[in-house]
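In the two complexes that follow, chain A is the common piece, with chain B as its partner first and chain C second.
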Partner chain A sequence: MAITVKVVDRPIEETSYVRATLSGLANTLKHLLDPHRVTTEYPDEREAISRRWRGTHRMLTTEDGKAKCVACGLCPTVCPANCIKLVPGEDEQGNRYPLVFEIDEFRCIFCGYCQEVCPEEAIHLGRHYENSEFNREAFVYDLERLMAQTHPVTELWDPADPKGE
Partner chain B sequence: MADTPKVNLTIEGRPISVPPGTNLIEAAKQAGVLIPHYCYHPGLPVAGVCRMCLVEVEKAPKLAPACATAVAEGQVVHVHSEKARDARKGVLEMLLINHPLDCPICDQSGECELQDYTYQEGRADSRYREPKRFNPVEDFGGDVLYVPNRCILCTRCVRFMGDVAHDEVLNVSERGDRAFIGKFEGKDLTHAWAANVVDLCPVGALLSKDFLNKARAWELDRTASVCTGCSQGCNIIVETRDNVVMRFRPRSNESVNQFFMCDEGRLGYREFNRPTRLEVPSILGPKGHEAVDWDVALEAAARLLRGKRAYVVASPDTSNETLHLLGRLMRKSNGVGLYRVPQGPEAPLPGAPDLALRVDRAANGRGAEALGFTRSDTPFSGLKAGDALILVDQDVTGADLAAVGQASAVIVLASWMPAGLPRAEVVLPIATTVEEEGTLTNLRGRVQRFMQAKAAPGLARPSWFVASDLLGATGESAAYFTAGDVFAAMSAAHEAFAGLSYDTLGMRGLPIAGAMAGATA
Partner chain C sequence: MTDVLPGVHALLLAADPQGPMNFWPWLVFTAIKMLVFFTIYMLGVAYLTLAERKISAWIQHRHGPNRVGWSGFMQPLADGVKNFMKEETMPPYVNKALFVLAPMLAFIPAMTVWAVIPWGAPWASPWGRVEMVLADLPIGFLFIIAIASLGVYGIVLAGWSSNNKYALLGGLRSSAQMVSYEISMGLSLIPILLFTGNVTLSSVVNSQASMHMWNVLTLSIAFLLYFISAFAETNRLPFDMPEAESELITGYHTEYSAMKFSLFFIAEYANMATQSAMLATLFFGGWDVPFTQADNTGAVSFPLVLLSMALMMAKTLFFLFVYIWVRWTLPRFRYDQLMSLGWKILLPTGLGYIIVVASLMLGLDAAGIERGFVYGLIFLGVNIVLVALFMVFLDRGKILSAAYGRASIGELQRLRDITTSRTRLSTTAGD
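Let's look at the complex of A and B:
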């Protein structure tokens, strides 16, 4: 069956592109002159992130530079992604401490349960999002790395309104 | 004992009848109600010091300690009435005054009765604002560490050492709020059963040095088993984590070990974690031992056994099931079966009837005897030229192996290659006691089941399975699919085991026919 094309005869003011082009150019000119901008010039500029932002972990330390962690085993227990590896040990003073403490940040789902369950307020999630690495292994953070992190930590709840009322 | 008079009472609205003289905690247990308690333990004399078991008894003027109150006809007991709960809440608050609340670093965390009851019915916070008392950690000798700050002075440990172990080592030193558990001058917890105080301690005050900081209670998988340390056959719980045995703890069985197990048995878990396990079957080829498939290895073993007299030397830790199948293999060729029992000094627990770490340091000597094996201190001396020697999980250190050279072949079923064995034509890897299911017969003839607690490494198979395959390869009919099938065949074939089955044995075991049940040595 032959294909028939219906040709509609429209007036010139409806088919001309001149008006549309001029209107587009005017819009461009308007935005060129308008001081309001939407783009954030990352990395020169950064947006502020929420106080409850949940990013990669950080281990807080005591005044003498040791990890606050006492290797109680609650975070590996509560972790729904099973990404925390913990081996407890005992130091010379008889204090319990983690021999091995590793978090696989690839497995982590950033739920914040580890921070919430920690009785020593040792492990925290961080308000931080720049985590690129060149290999996958580097995403398993060991204790040394977790302690070396300096970014601010997450507030899982507002201290002024702990019950969220 | 149907004609024994019973006392009828009501606990938490549940009617129950128990023998006179029963205390309220035990009666409530039978009614399915747990009365919180610390100082009371069914294996120890009643002390009534912790005041945790206070319950309301109708028509009694005051709350009664359930551990020290005997049942009475028509008694109506309220465990969870407001008055009783309030009293226990007060007791808990007092117990927690000097408790450091260091649950995150405490080994008892997760299996701590103070934790449990505080969570159940304690106060959410403490009203005590003063500094807490502090005492340093003390080494009690043996395997026991004492953390006085966590102690609630229930005196279970003191009563165990005094009344059950009959070795007065512990006491309550000082009085009032300064009281702590002390050792008598010059004494140490070196008694062979002393580590039971760690299990008895309801809180984290007495800890095992061996288990310290190794695992959290909630990470462990628990399996009912039987200790293979000696012929007593104490019921135990095997606690594993990630396929590694972490510790053994006693499982109560009134007829065998009550609530206890000895320190040697407790540390016996290490045996099962030894490295260098046999993982694949192998046969001796022209270039030494070669790993082969099970079929090939079993075929080779059957070929070596053909027409030869089977000379079986089995470890007396081997299960009844395996020994029964090996016995069939041995009788088929008019062979002999022998076992050697390692010896050690006896260490009784005087306060418990018929309970001791026995001289015979093997779990199933009685079973081997009942299944037609002969005890011998020199199991290899009877080996004649041309015999096919089958070694089953047998440690050969210290044995006279001169005769082994005369054997036509040596077939080894083992979890670890026996050190010092001069030759082995076929090696078949088998699972250990904690990796398979089976039964053991203790020295009083009680047949007790043990369960599989962890997976066997590599291609290792349960010993009964290998024994039945070996029997099958020699042309016998031996198609068993579970250890229970083998047990059924054994009870049909042996008079001593007649009438027994896994179902009737249950978790507490039953004596074999002819065993003097409850007889004392």
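Let's look at the complex of A and C:
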């Protein structure tokens, strides 16, 4: 098939170059003199993020400082990215707790299913986005690191309107 | 060395008996001038890159570089250090000798022309008259045109030696463009030559001072031609075909990195500075202090020298600002538009204008009108008419009507008729 070039039929005799150039220059000069700046100077100032922002995970703890997680295994099951590694353990009283709980933040797609499925409201996504690292291994967050996070957690729904009505 | 310098001094004395002072003061002052002028030049070029980024940012409502030093004031220094530290890449298929030579060929002419631009009124120092120019060459702006156009060799060789199709296209475009626009640039300078009767830049300045009128008023069309050609000569938008980021990556310096790239970059900004200084000197009175005659009496006192230098600097900076301002306003020309502007509009206009100026001068001389203010006024009047005609011609008669705006009902109907008569590429069933 031959390649055809679409030639736009411009009304050449209607167009003005000199005036268009001058009005363009006037326009840029106007913007040059306007002190308004649209930049958010990031490290110094931040944009407000949504309450539903889904970022770095956080493991909530009970009042005595233990993870709320009961190692039920729902979050690794529901996780579509398969980024949660959970090895359950059991203590003398028969309470289950996670021996290993790791989230690979690199694999995670931040869908929020783990938070939604968690019966104990233990694992949460957070309103936090600055989680860059220098190597890939550092993106695997273990239980201590998840518990040590302090940023606010994501609200997956509006508490005033839980059914989304 | 010991034999050469006195020889040069003797030669200068022979050329101009009232010229240089005794040997040692001449040597010292020349060394100081070289140091000062080129330090200012290099710093200015470095800070031009910052100005470009700042002004572009402001036009786009951004801040521009503001992290290094006070509000980004040390950014050029950081850029310089970065460019020295970066890896020098040498692609395996380049022509090594030319690849290394090309940045130098672009850089050196850009630096050299700075030497002949007069920066201020001559200073009546206790040791004799000090010209505020490194070399007031008797061939004046011919030297600038000759040397500045050597810069194209650097660009063409860079494009050729890179062995890269984008670089080659950039080099080809630049050679075609610079050759085309050099002609109209040269032609636009001939009216000045007719006016001044001399090619040295100091006599161009003096002739404007004696006319009490800048050349931009008496030779407006020449100014317009030179102004447009200067943009093309420095490869700045809207004439940046050799670089054309969106089409050719970066054109001729695609394969260059680190300091070799930096040399091209410095050369571009240095050419901008030179052309701005040329515009200021040739058309805007140079270092002449307006409305006074105190600075035109030959050598003057040092404060007056400083004032004249400040004025020259201000004019140059203004044109540098215009360069940057235009770059962030206008889109790039299409290649055929560029060529047709150069050959079909600027070249004939330049030729015609030379005839007009020459015959007008002949007529005025025959009428016995002295070179002076009245002479300038007559030229001004003729130029207002000529500029209006040129603009109307360039703009196909639209200069006096609005560029855009509400169309009249008849006009609207005519446009609608054109649209309906045109065959549509796709028709929707719902119409």
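The criterion applied here is as follows: the second predicted complex is superposed on the first by the 128 of 165 C-alpha atoms of A that agree within 3 Å, B and C clash if a C-alpha of one lies under 4 Å from a C-alpha of the other, contacts with A are read in each partner's own complex, and residues count from 1 in each chain.
Please note the rule applied: a residue touches a chain if its C-beta (ideal position, glycine included) is under 8 Å from a C-beta of that chain, and two chains touch if they have at least 3 such contacts.
Note that the coordinates shown come from a computational prediction; the quantities given were computed from them, not determined experimentally.
**Student:** On the A-aligned overlay, A:A48 touches which partner chain: chain B = first, chain C = second, or both, or neither?
**Tutor:** Neither partner.
**Student:** Output check: A:C72 vs chain B and chain C. Expected answer is one of first, second, both, neither. What do you get?
**Tutor:** Only chain B; A:C72 stays clear of chain C.
**Student:** Looking at the overlay, does A:L25 come into contact with chain B only (first), chain C only (second), both, or neither?
**Tutor:** So A:L25 only meets chain C here.
**Student:** One more residue to check, A:Y17. First (chain B), second (chain C), both or neither?
**Tutor:** The second partner, chain C, only.
**Student:** Looking at chain A, which partner touches more of its residues: chain C or chain B?
**Tutor:** Of chain B and chain C, the partner in contact with more residues of chain A is C.
**Student:** Report for A:E90: first if it touches chain B alone, second if chain C alone, otherwise both or neither.
**Tutor:** Once the two structures are laid over each other on A, A:E90 reaches chain B alone.
**Student:** Contact-wise, after the overlay, does A:I3 reach chain B, chain C, both or neither (first, second, both, neither)?
**Tutor:** Neither chain B nor chain C is touched by A:I3.
**Student:** Let me test your reading of the model: by the given contact rule, A:A160 touches which partner, first (chain B), second (chain C), both or neither?
**Tutor:** In the superposition, A:A160 contacts neither chain B nor chain C.
**Student:** Quick check on the superposed pair: does A:T39 touch chain B, chain C, both, or neither? Answer first, second, both or neither.
**Tutor:** In the superposition, A:T39 touches chain C alone.
**Student:** Under the stated touch criterion, which partner chain does A:E120 make contact with: chain B (first), chain C (second), both, or neither?
**Tutor:** first
**Student:** Residue by residue on chain A, keep only those touching chain B in one complex and chain C in the other, then list them.
**Tutor:** none
**Student:** Name, in rising order, each residue of chain C that touches chain A in their complex.
**Tutor:** 55, 58-63, 66, 325-326, 328-330, 391, 394-396, 398-399, 401-404, 415, 418, 422
**Student:** Please give the residue numbers of chain B that touch chain A in the complex, ascending.
**Tutor:** My answer: residues 103-105, 109, 137, 212-214, 216, 218-219.
**Student:** Looking at the complex, which residues from chain A come into contact with chain B?
**Tutor:** Residue list for chain A touching chain B: 70-74, 77, 88-90, 94-96, 119-120.
**Student:** Of all residues in chain A, which touch chain C in the complex?
**Tutor:** Residue list for chain A touching chain C: 9, 11-21, 23-25, 27-29, 31-32, 34, 36-39, 41.
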